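Chain IDs A, B, C and D follow the sequence of writing; residue 1 opens each chain.
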Amino acid sequence: MPDLDAVVQEIAAEMAQRSDRGEVAHYIPELARVDPGQFGIAVVGTDGAAAVAGDGDLPFSIQSISKVFTLTLALGMIGDRLWRRVGREPSGNPFNSIVQLERERGVPRNPFINAGAIAVTDVIVSGHQPRESLGEILRFMQFLSRDATVTIDAAVAASEKRTGFRNTALANYMRSFGVTENPVDFTLGVYFHHCAIAMSCRQLATAGLFLAHGGRDPETGFSVVSAERARRINALMLTCGHYDGSGEFAYRVGLPGKSGVGGGILAVAPGRASIAVWAPGLDAAGNSHLGRIALERLARRMGWSIFG
Amino acid sequence: MPDLDAVVQEIAAEMAQRSDRGEVAHYIPELARVDPGQFGIAVVGTDGAAAVAGDGDLPFSIQSISKVFTLTLALGMIGDRLWRRVGREPSGNPFNSIVQLERERGVPRNPFINAGAIAVTDVIVSGHQPRESLGEILRFMQFLSRDATVTIDAAVAASEKRTGFRNTALANYMRSFGVTENPVDFTLGVYFHHCAIAMSCRQLATAGLFLAHGGRDPETGFSVVSAERARRINALMLTCGHYDGSGEFAYRVGLPGKSGVGGGILAVAPGRASIAVWAPGLDAAGNSHLGRIALERLARRMGWSIFG
Amino acid sequence: MPDLDAVVQEIAAEMAQRSDRGEVAHYIPELARVDPGQFGIAVVGTDGAAAVAGDGDLPFSIQSISKVFTLTLALGMIGDRLWRRVGREPSGNPFNSIVQLERERGVPRNPFINAGAIAVTDVIVSGHQPRESLGEILRFMQFLSRDATVTIDAAVAASEKRTGFRNTALANYMRSFGVTENPVDFTLGVYFHHCAIAMSCRQLATAGLFLAHGGRDPETGFSVVSAERARRINALMLTCGHYDGSGEFAYRVGLPGKSGVGGGILAVAPGRASIAVWAPGLDAAGNSHLGRIALERLARRMGWSIFG
Amino acid sequence: MPDLDAVVQEIAAEMAQRSDRGEVAHYIPELARVDPGQFGIAVVGTDGAAAVAGDGDLPFSIQSISKVFTLTLALGMIGDRLWRRVGREPSGNPFNSIVQLERERGVPRNPFINAGAIAVTDVIVSGHQPRESLGEILRFMQFLSRDATVTIDAAVAASEKRTGFRNTALANYMRSFGVTENPVDFTLGVYFHHCAIAMSCRQLATAGLFLAHGGRDPETGFSVVSAERARRINALMLTCGHYDGSGEFAYRVGLPGKSGVGGGILAVAPGRASIAVWAPGLDAAGNSHLGRIALERLARRMGWSIFG
């Protein structure tokens, strides 16, 4: 087994030298200002080991990575009834496509495309004020990352709200079919805010550790979800976690993962480690360009692919 | 670790008692006549162990499962140039959809939907007579299954050819974009015939063993593909192997797999075993109903999920 | 030439006896309460003749028929620049489809599908308060119908606003592409209200008279639009005026027309007459069932088809 | 009333001077060789007047214009039963799209897109040898154009057959749903050949005269179809005759018309004249660029728009 810390440092050094960095997301004004030269990585093992390199302690906008955690919360609230409102299949379309919704009567294909994550957020919002729901999500993130300083970047949330016409379209569209039930403004408000949570790679990798360890925190033994549910969330990340680049990510990296347009990716090596990388530049499918390459190298050098 | 043989017998017994069996594929007349009461299973371990139960030694039409092996062959012939003609993403559409082809200029989304498999077959056909190409595919299957008696069911092939208007449409459509290059009749002839290969669960599980063992036959050490290519084929099976039910299969079973409308499924537990199940009745997405349930139980009882 | 008044009375009598009446629109609660047994018709000739029968003097919700007049207004404001924001082709999709918008970057196919009419309304709203824009539209309708009592049914407008999630989706979707420019709430507010204008067949037929008379009011000679623009609006009504039933309407009736989900249809016999019919029950494409049949009979008996 | 002959000469002169000529269809090799500098026009009045200018006596490949006549023939054979196999709505898609066929179970939207015309041809083929069906179509064209020298350009037909993969896809696709019934090769053979009929503008305008005169030849009084059927064919030409440019043609020209990728357009001024124009260069929607402009001018100068 290669030395994890050495591999992580090595990869950070390699990434620092690359000039191909993709394009920073420009449709959210606040994100468009981020320096594309940054790169962070953090690996937290189920054995307690941790390796952090580059900008791995700098907070960034986790964006859609939050969808893994809101899915976890919503499943905890209503269990498999969630699947009446959202499917479990890859979409075959870009992350913000509305075409599939028309064909399938407002039911989004999976919880990781925008429409699906809005439907999941709507479940969390049910019966609560937006402020309460948001508080619950934030506390969950602080708890999982063992860090009470995790917070929401209000400027990013406001920026998304101001420019989120397409997400507003998706939300209203689903509401027209009764797939969501709460006032569209409530649900979208919570959605825009949990996407604007800011975390470092170290915090994020820690937060995802339960997915690599049968649903439990390996340090405290606290059970976040059952082992079966952890496996299933991993399966959904693998098939749907990278929008219309999910097949490519599985093919190249071979680990369950979820990307965000902030340039972060959370990946899970079951039984071994939780990994977070961050590089703001995106590829054509909206996933972190260097983030994916870094994970590909890490998985190969550590022999962590789930595919053999 | 539970006893493999006991688990396999147990599952076969459980399946024999179920009355929910799905519907036998009716669009290929020869397949419509198959008795839906049959069920077979075979598990071949990378350690040489084998467990077979039910109708696990009865040959059935492997249909689309052949696409795993034609993909392997075509990659051996032209390597990554194959990916100029076919993508690596889940389709988000039924197995025989032509919609995506129009949107993406004739390039099928992945090698496991019908259009993609026809494009892969076209690569194998290039520069050869159909008869030679077909011979090569058949010999490859005999070699991998260590059984020279594996053969093609000519009646099934003829039945598909007579009624294969939709596949003929797909093939001509891709040809119009130059994605395929050979005479449409040549390519389709080979395609219909390799889908009509008949194998038992035991033969099929043996043939897939290299995918569970880093690309090599564990008995002889013969290398079929590199370890990396084996991993990548597994990744493709996981994200795309069950048409528009691929997400569901990953979610429930947690193993790479490829189904066929004959009711067979080949699944791979990396590092552990190659598995073949067969139950002719299909679910709405065209995958074996009991086959999937049997694999779900096997993976859970043996602890073989790749997701933790 | 048959006697117009006799033909109109005859058709009203025939329609009164039919039991096939289609289904009243149920997605707008206020409209769902309308009595499907009603039928009205009014024909106003370019020669000043008028024939009214049945409930031809009862006001009903003109709904999408208002789109003919908002199009006329918007063309008067910005002329052919309007066509940068909306197309002139039949959509091949239901009236509230969003699929086409995704494929064509937010530009609706024509001004008569919901998305297109919202884009047209957005032009009228530009630079004004919603209340002013709405006032302008209403005054235009009063002027054209020569009746200052024409008004907006506030209950219907409120009902649409409360339940108009799908239109809200369309509006936000176009806004995300910059096809519309004003606050979505402003534009939708005006849209919901002009769709809620209530008019009788007599008022509506009078309002449409300029389209049958080279763009001018035949009584006063006042020019509403140029003769060419009148022809072009008629052409758009013929190809796009009945959503995905436009081909059928042209085939059966042979006159330019625009339907609304309130059960009204405005039709134009160029050089001869403006016609309004009203029967609340709709067919599968969302067009008045008896309204279409009545117009088919009128066109045939009067020899008014534009197709020979 | 302006002098028809003067107007026609004038338009031919204007067209000769234009340098914007569109692009000659390149996907049929034989058509790609045609000189884009040619322009022909012929107007045949219901009163017997005829005006021909430019290359109006040169034969060209009528291509899809033949679909008007095969529709007429098929309606004569099986009447309104034809509409079980093909719709009457504009498609909202390019002429050779297959997307709509998947959504609507193999039933093409109208008889003038490629799929619809193949379905219509399949009706004509039923119960006959391809050679007989083709003979019938050709004799019909000779009869209508009062010219027994009209013939099929075998080189064009062969060229289409060799490269017609997309039409072959459409035909097989419909066959898979049972929308067509005859051997795909038979139907396609006849289809490719009737599209390859070569006619001059003068011959074509003569052939279409019955559509401008209530279904009858004004000279002989011979009734080709009923007046109602003539109107209905005109309506279909208006809504569907120019593929995804039908709305535009109605908007600009205001006459029923049918275009072909050979650069011809047949247009009908009901009660007045039948018109054929030919200019090989096409616009983006596949319709003759100068042909449309010439018709727009003719309709305006003669006051022939059906819209007022």
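Quick note on the criterion: a residue touches a chain if its C-beta (ideal position, glycine included) is under 8 Å from a C-beta of that chain, and two chains touch if they have at least 3 such contacts.
None of the values given here were measured: they were computed from a predicted structure.
*Asks:* With contacts defined as at the top, give the pair, B-D or C-D, that has more of them.
*Replies:* Greater number of contacting C-beta pairs: C-D.
*Asks:* Measuring between mean CA coordinates, which chain is farthest from chain D?
*Replies:* Of all chains, A has its centre farthest from that of chain D.
*Asks:* Report the inter-centroid distance (CA atoms only) between chain C and chain D in whole Å.
*Replies:* Whole-Å distance between the two chain centres: 32.
*Asks:* Measuring from the mean C-alpha position of chain B to the mean C-alpha position of chain D, what distance in angstrom results?
*Replies:* 47
*Asks:* Can you list the residues of chain D that touch 2 or more other chains?
*Replies:* In chain D, nothing touches at least two other chains.
*Asks:* Return all touching chain pairs.
*Replies:* Taking the chains two at a time, the touching pairs are A-B, A-C, B-D, C-D.
*Asks:* Using the touch definition up top, name the residues of chain A that touch chain B in the complex.
*Replies:* 87-93, 100, 109-110, 211-214, 227-228, 230-232, 234-236, 238-240, 244-248, 250-251, 254, 256, 268, 270-271, 300, 305-308
*Asks:* Would you pull the chain C residues touching chain A in the complex into a rising list?
*Replies:* 97-99, 101-103, 165-166, 168-173, 175-176, 184
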